[in-house]
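Here it is, the structure, as structure tokens.
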Amino acid sequence: MTLINEHAPTAVHIGADELPWADIGDGSKLKVLQTREKEGLWIVENIFQAGYEVPTHKHTGPVWGYTASGAWKYKEYDYVNRAGSFLYEPAGSVHTLTCIEDNTQVWFQIYGSNLNLDADGNIESVVDAATVLAGYYMLIEAQGLPRPNVLVE
Amino acid sequence: MTLINEHAPTAVHIGADELPWADIGDGSKLKVLQTREKEGLWIVENIFQAGYEVPTHKHTGPVWGYTASGAWKYKEYDYVNRAGSFLYEPAGSVHTLTCIEDNTQVWFQIYGSNLNLDADGNIESVVDAATVLAGYYMLIEAQGLPRPNVLVE
Amino acid sequence: MTLINEHAPTAVHIGADELPWADIGDGSKLKVLQTREKEGLWIVENIFQAGYEVPTHKHTGPVWGYTASGAWKYKEYDYVNRAGSFLYEPAGSVHTLTCIEDNTQVWFQIYGSNLNLDADGNIESVVDAATVLAGYYMLIEAQGLPRPNVLVE
Amino acid sequence: MTLINEHAPTAVHIGADELPWADIGDGSKLKVLQTREKEGLWIVENIFQAGYEVPTHKHTGPVWGYTASGAWKYKEYDYVNRAGSFLYEPAGSVHTLTCIEDNTQVWFQIYGSNLNLDADGNIESVVDAATVLAGYYMLIEAQGLPRPNVLVE
């Protein structure tokens, strides 16, 4: 019995310089690496500058965050994500991201939707695989660049 | 090398009569079999009567439906789910369930949230693993029964 | 904000008579409904006859079983799956299926591989999304039928 | 309707210095951050030194790799993972890791099992959430340290 066959799927690599950064304000940046819309999966990379905030949101699926440099935190928790930090955000968790240091680089592997909430817990907007991909394309094309080659399945 | 070890997790069985049915109106019924809240997973079983409707909703994760008896459909699609039907609902899909025949029995394995939408596509309410479990407990206890032994992890 | 858009994915229905049964011996049957090979997902439906056995196997991902008729069990556990039974098999669980009653119908939603084990726990063979799909195609075509329209993604 | 409730799960952070490194030979290191054994999920962090190899293996579920520093590759593919590289390895993919530069740091989010293969494609051993956790505990305790506080669920 061999488990090797020529039709097996192969791994897909996206190098650091292969996709452009979208400017999301004040020098903070977004890159969308992969979406698997039917699964609800979206994987993004961010470079945040100090003071950048992501509005309070509730996750409908689990999320993992891997921080390569800088410092950021959720306002609701005390700990600070720094270079080498691992973060697990279960489905149902609610929090508000704020960046502490410039050039904070984080990968987020996200399942489901971000339900953005107002102060009373009402939904103001929703971000998911489809909307983040459309937004990234739009931002990049507005920067005069061609549509980037995100791993879309 | 043996792959058998005494600490391996074991399968969990819930027989047809082990959990009570919650009355959800006009003879339609709900049973919550399993929740894994941190994953966003909830598995329910329904018996619907003809005319029962589930409001228009958008899924934030994938869903599978297995129909054991009866007939039901989504208003947005032509096909009818009957005994032996398999249904795959990708994340992002939107639809409105309506039951056609009495005693329609369906299992739904659901990841993420149901975002219930009004006619303009605005979110009116959200159902997820935590809320469906709390609702099931409440209904069963209101029927004078003890809290049921759902597989909660 | 509307969450309805024309590009959203739609649900896929496979009715009871849309895919052919593959004969897997002594009147037992297999149907492959869906594979998502890159996720490791495979969903099958079986009709087992009394005495049918599936060799001892270990799962590398979680599995769910929904039984619509008949009776079957795992030799390692006492309970019997009957019409209306729900079964959750965590990753890592090991067991040996044996069918008790004729015309036992079960859906299995399977993530990962079945590692088939000998009596000492050594791996004898592996079944996964790719191999079950190839096997189903081969059996159906050997029965003189065209390649079935499995939901393959 | 508020989506904020006091019982919601919270995010779990593991800082760079919170878990000890296990020595896996010649200065290469392993840290197990999280296991969810019933899902088949294991998340590890590695520091590899140049020349370190991981035997040829086939994945039964999807895997993601996030590289923070250094350089490594799969022998089967040409591209090199460097700081900022994203890697997606679908279920079914087969490859052999080799490290090119010292102090190569990578996070791997792994679903399912690594089926380690010999040159003919036969399985020689299996690594999964349970075995990697047990191995990490054993290595750390052999280094005279207490059992580390891995996120085990």
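Note that the chains take the letters A, B, C and D in the order they are written out, and that residue 1 is the start of every chain.
Following the convention adopted for this analysis, a residue touches a chain if its C-beta (ideal position, glycine included) is under 8 Å from a C-beta of that chain, and two chains touch if they have at least 3 such contacts.
Quick caveat: nothing in here was measured; it's all calculated off a predicted structure.
**Student:** Looking at chain pairs C-D and A-D, which one is connected by more C-beta pairs in contact?
**Tutor:** A-D is joined by more C-beta pairs in contact.
**Student:** If we define chain centres by averaging CA atoms, which chain lands farthest from chain B? Would you check?
**Tutor:** It is D whose centre lies farthest from that of chain B.
**Student:** With centres defined as the mean C-alpha position, give me the chain B-chain D separation in Å.
**Tutor:** 34
**Student:** Approximately how many whole Å separate the CA-defined centres of chain C and chain D?
**Tutor:** Averaging C-alpha atoms per chain gives centres 29 Å apart.
**Student:** Whole-Å distance, chain A centre to chain D centre, using C-alpha means?
**Tutor:** 21
**Student:** Among all residues of chain B, which ones touch two or more of the remaining chains?
**Tutor:** Where chain B meets two or more other chains at a single residue, that happens at 1, 3, 8-9, 37-39, 90-92, 115, 123, 126, 130.
**Student:** Show me the residue ranges of chain B that touch chain C in the complex, using the header's touch definition.
**Tutor:** Going through chain B, the ones touching chain C are 1-4, 8-17, 33-34, 43, 45, 58, 64, 66, 68, 74, 76-77, 79, 81-95, 105, 107, 109, 115, 117, 120-123, 151.
**Student:** What residues of chain A sit close enough to touch chain B in their complex?
**Tutor:** Residues 37-40, 60-62, 90-92, 111-113, 115, 123, 126, 128-130 of chain A touch chain B in their complex.
**Student:** What residues of chain C sit close enough to touch chain A in their complex?
**Tutor:** For this pair, the touching residues of chain C are 1, 3, 5, 7-9, 37-39, 124-126, 130, 153.
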